[in-house]
Amino acid sequence: MTSAAPQSTLTFPRETFEKLSPHPYLLAHLQQASASSPPTRPNGRTPEQFRTPHINNGSLTHAEGSAVVRIGDTTVVCGIRGEILLASNVAGYRVDKSGTAPSTKPGYNEAEELDLLVPNIELATGCSPAFLPGQPPSTLVQSLSTRIYSLLHSSSLVNGADLRIWYQPPDLSDPDRMRDDEEEDTPEPEVKAFWTLYVDILFISLDGNPFDAAWAAVLSALKDVRLPKAYWDPDREMILCDDSVAESKKLQLNGLPIAVTALVFRAKEAAQSKDKRFWILVDPDTFEETLCDESVTVVVDGEKETKILGISKAGGTTVGSGQMRDIMELAAKRSAQLSRILNT
Amino acid sequence: MTNATASSAILSHLHRADGSATFSQNGYTVIGAVNGPIEVQRRDELPVEAAIDVIVRPAAGVGGTRERHLESILQSTLRQIILIHNFPRTLIQVTLQITNTPEDKVAGSKIVQASSHLAILPTLLQTALLALLSASMPLSVIFTSVLIAAHKDGAITSLTPNPSLVGFESADSVHVLAFTLEGKLLLAESQGTFTLDDWDNILEMAGSVCVPKDGADIEGGVRIEETKEDMTTFVKCTLEAKVAQDLHWYT
Amino acid sequence: MPREVEPSLNEKQFFVKALEENLRIDGRAFDQYRELDLEFGDELGVTDVRLGKTRIHTHITAEVTTPFPDRPFDGLFTITSELSPMTSPFFEPNRPSTTEILLSRLLEKTLRRSGALDTESLCLIAGQKCWSIRADVHVLSHDGNLVDAACIGVLAALQHFRKPDTSTEGESVTVYTLAEREPVPLSLLHFPYCVTFSYYSSTVEEGETVTLLDATLLEEQLREGSATIGINRHGEVCQIAKLGGVPLDAVAFLGCVQIALVKVKEISVFVSKRLEEEAKKRDKGGLMAELSAENDRVS
């Protein structure tokens, strides 16, 4: 305009830049890389750097198992409650085990068929400014709970046998007659009830990467579960639980799957642009999540050699076979780190 | 009754929607309708792009968390192919109604809600694409998708594209992959136990099912036999037939 | 969300002018239905009804559940209908419109409260286990007269449906899969179909009311009154719904019931014919083939 305004470059403080134009802000951070220093994200981490996890088990006294997991500013509480489901109350339950019953077909999953694992997620009001009180469950919550549910079943993490409550009917036949008639076996034990595990997941605060945190919490809480010894009392015709801790049992978990999420940040927002540079950001926070379309979540179990239990990738075309290998390597590292913490 | 694995499609058969398609594959049938760009509600309005609303409705019962999850996968995928920046502050609405799921002869009497969401995903994706094409929605690229089941037998892993229901349920791992026309991986959803090498094989196989091999001539009106298992060709043939039908007066 | 577009003045005048000349826009007679088509899905209990451009997909499912404590001997029968944005973008998901509420109310009255399905036959163990039959009505395309079409769809689907066979032994129920035992049909007591009449009075000459059957969407938007009569082919009226609108002569209305009876008889014949054809088609590789194979061996 007038000469009063000299050619001053337009400058803002960091926070204003971040609010005004978030995409160039993140891009500017990642582009700063020189030969000596790797690119750094606004939160001070390198693209391949995860946040340090903190896990605390058994903090809820009334739950059968619980865990609090903190990854950066994302904090999740998971409590697992066991309830008894009588076999006679299951509407479609079949006692006979003939060769044609549904339970004999391949791929039959009792826990899934009878809904013995019930995850429920709540994103508490106040865990993030995006959640207002009194709203119906958001798409994010419903989507997360489906993912947790299907991973719980597809990984067959919980052993179906651990959830059955058996009853061995006493042998009432005359012992003398037994000797004559060898073919008559002792009565077959029958399943009287099932344990149903209600997995409640509550987000206390959310700063990105909800799935990894929620899954870590579920895993840690499941490791913490102690189910009391339950038995069928034929006189009272009900299931009773034993008080003694010594009789209670832990669950036998199949493996230790760890979920790892990474986002792809593209240098240009428009899909058709020439600038094809991209960065893979692992363990993203909320700010990064709003700027990236493409996300990859892998679930790995690194017990022996790395087994993959799930891949879900959507929202873009950047990640192909090669990038997937890189992400797998990072996931394996993360898996080793988390399992160390989980196993202590 | 009908051939279980063969795909079939009908385009633009609903008279009030802007675009519609019915697509059957593998025993699943989905009817899709697209409306848009239409006026958007204030709270969903986006300043520089079109909002995309995907609604998945099950054949029986009301939609639950599984449907919401499918909707969010579809939404993030369709966002990549629709030219959303051309229609700022509008809404593009995609409704997908599942009408047929394969009959399970050996299942119990439970209304199937718990079953995996992956089996239906390719059919939903393909129906959405055909409905968008039928609505003449500007797209940046088209995609095709496939469901693959992997069975482990010792050290050998056998792969079946578009498995039957039994094949799907007994599989060690199941995979849904979608590729763009250029052969880029757009979507991958895998479940079960597998290794990275398995996944590479699956990727290769899925690519061969979805995308025509290099040099395959699908342009120039060359009619490729229906038996050829290549989803891109299927989509093109369906569209060609539709265009030919619409322009039958034009010679 | 955009609002439904109302018919323009031109359309309105054209329609009225035609009515005065005893014509409908699509050339039908006043009491003529559009072409009715009924198709069955691969699964049992799936129907696809087309009435002109109106298209309705119905899906029946059965599940074992616990009966309501106050009705321990009755099974459950529910009908749900929802109009999705597929029908027209003016319908919002999860927010029922008037059309939708009316549709579910009328279906409920005609089919459930008239006792078309014998709910007592659905009981397995009194107070503990019963069948729950659920009919999902999906409107795919809306060009008027949803109620009549939906009613045909649900009744045809109920007749087409087979529920899994069961056996009861004391307190335990075994539900057999489709592979183990042939499923059994539902027990239906009667078949009440709906016939909807649309009335126009002020548009035409004084004192005269024009009555149309099977109105299209445009005709529905312009009508001044309507009545839906649910009646079975034996002439038993199950429900009558006339929700406001133009006043009608009582005797003339009785005439409407007579017309409804004639139409319902036609519809019943059509549905049973289609069901028979479908049964034959299904039987091709099934029982008939088995029987013939046995005969071969004997001879």
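Letters A, B and C name the chains as they come in the text, with residue numbers starting at 1 for each one.
Throughout what follows, contacts are C-beta pairs under 8 Å (C-beta built on N, C-alpha and C of every residue); 3 or more make two chains touch, one makes a residue touch a chain.
Keep in mind that what you see is a predicted model, and the values were worked out from it rather than measured.
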{"item": "Top chain pair, ranked by number of contacting C-beta pairs", "value": "A-B"}
{"item": "Most distant chain from chain C by Cα centroid", "value": "A"}
{"item": "Most centrally placed chain, judged by C-alpha centres", "value": "B"}
{"item": "Centroid distance [mean C-alpha coordinates] between chain C and chain A, Å", "value": "45"}
{"item": "Centroid spacing, where centroids are CA-atom means, of chain B and chain C in whole angstrom", "value": "31"}
{"item": "Rounded Å distance, chain A centre to chain B centre (Cα mean)", "value": "27"}
{"item": "Chain C: positions in contact with at least two other chains", "value": "63-64, 175, 177, 179"}
{"item": "Two or more partner chains touched - positions in chain B", "value": "106-110"}
{"item": "Touching two or more other chains - residue numbers and ranges from chain A", "value": "92, 94, 100, 102"}
{"item": "Complex interface listing, chain A residues touching chain B", "value": "92, 94, 100, 102, 105-107, 112-113, 115, 139-140, 142-143, 145-147, 149-151, 153-155, 270-272, 293, 305-317, 319-321, 324-325, 328"}
{"item": "Chain B - residues contacting chain A, complex", "value": "64-66, 68-69, 71-73, 76-77, 79-80, 85, 106-110, 114, 116-117, 140, 166, 169-171, 175, 180, 184-196, 199-200, 203"}
{"item": "Chain C contact footprint on chain B (complex, rising order)", "value": "1-2, 14-17, 20, 27, 31, 33, 35, 38-39, 41, 55, 57, 59-62, 93, 95, 97, 99-101, 103-111"}
{"item": "Of all residues in chain C, those that touch chain B in their complex", "value": "1-2, 41-43, 46, 48, 53, 55, 57, 59, 61-64, 80, 82, 84-89, 93, 134, 136, 138, 140-143, 164, 175, 177-179"}
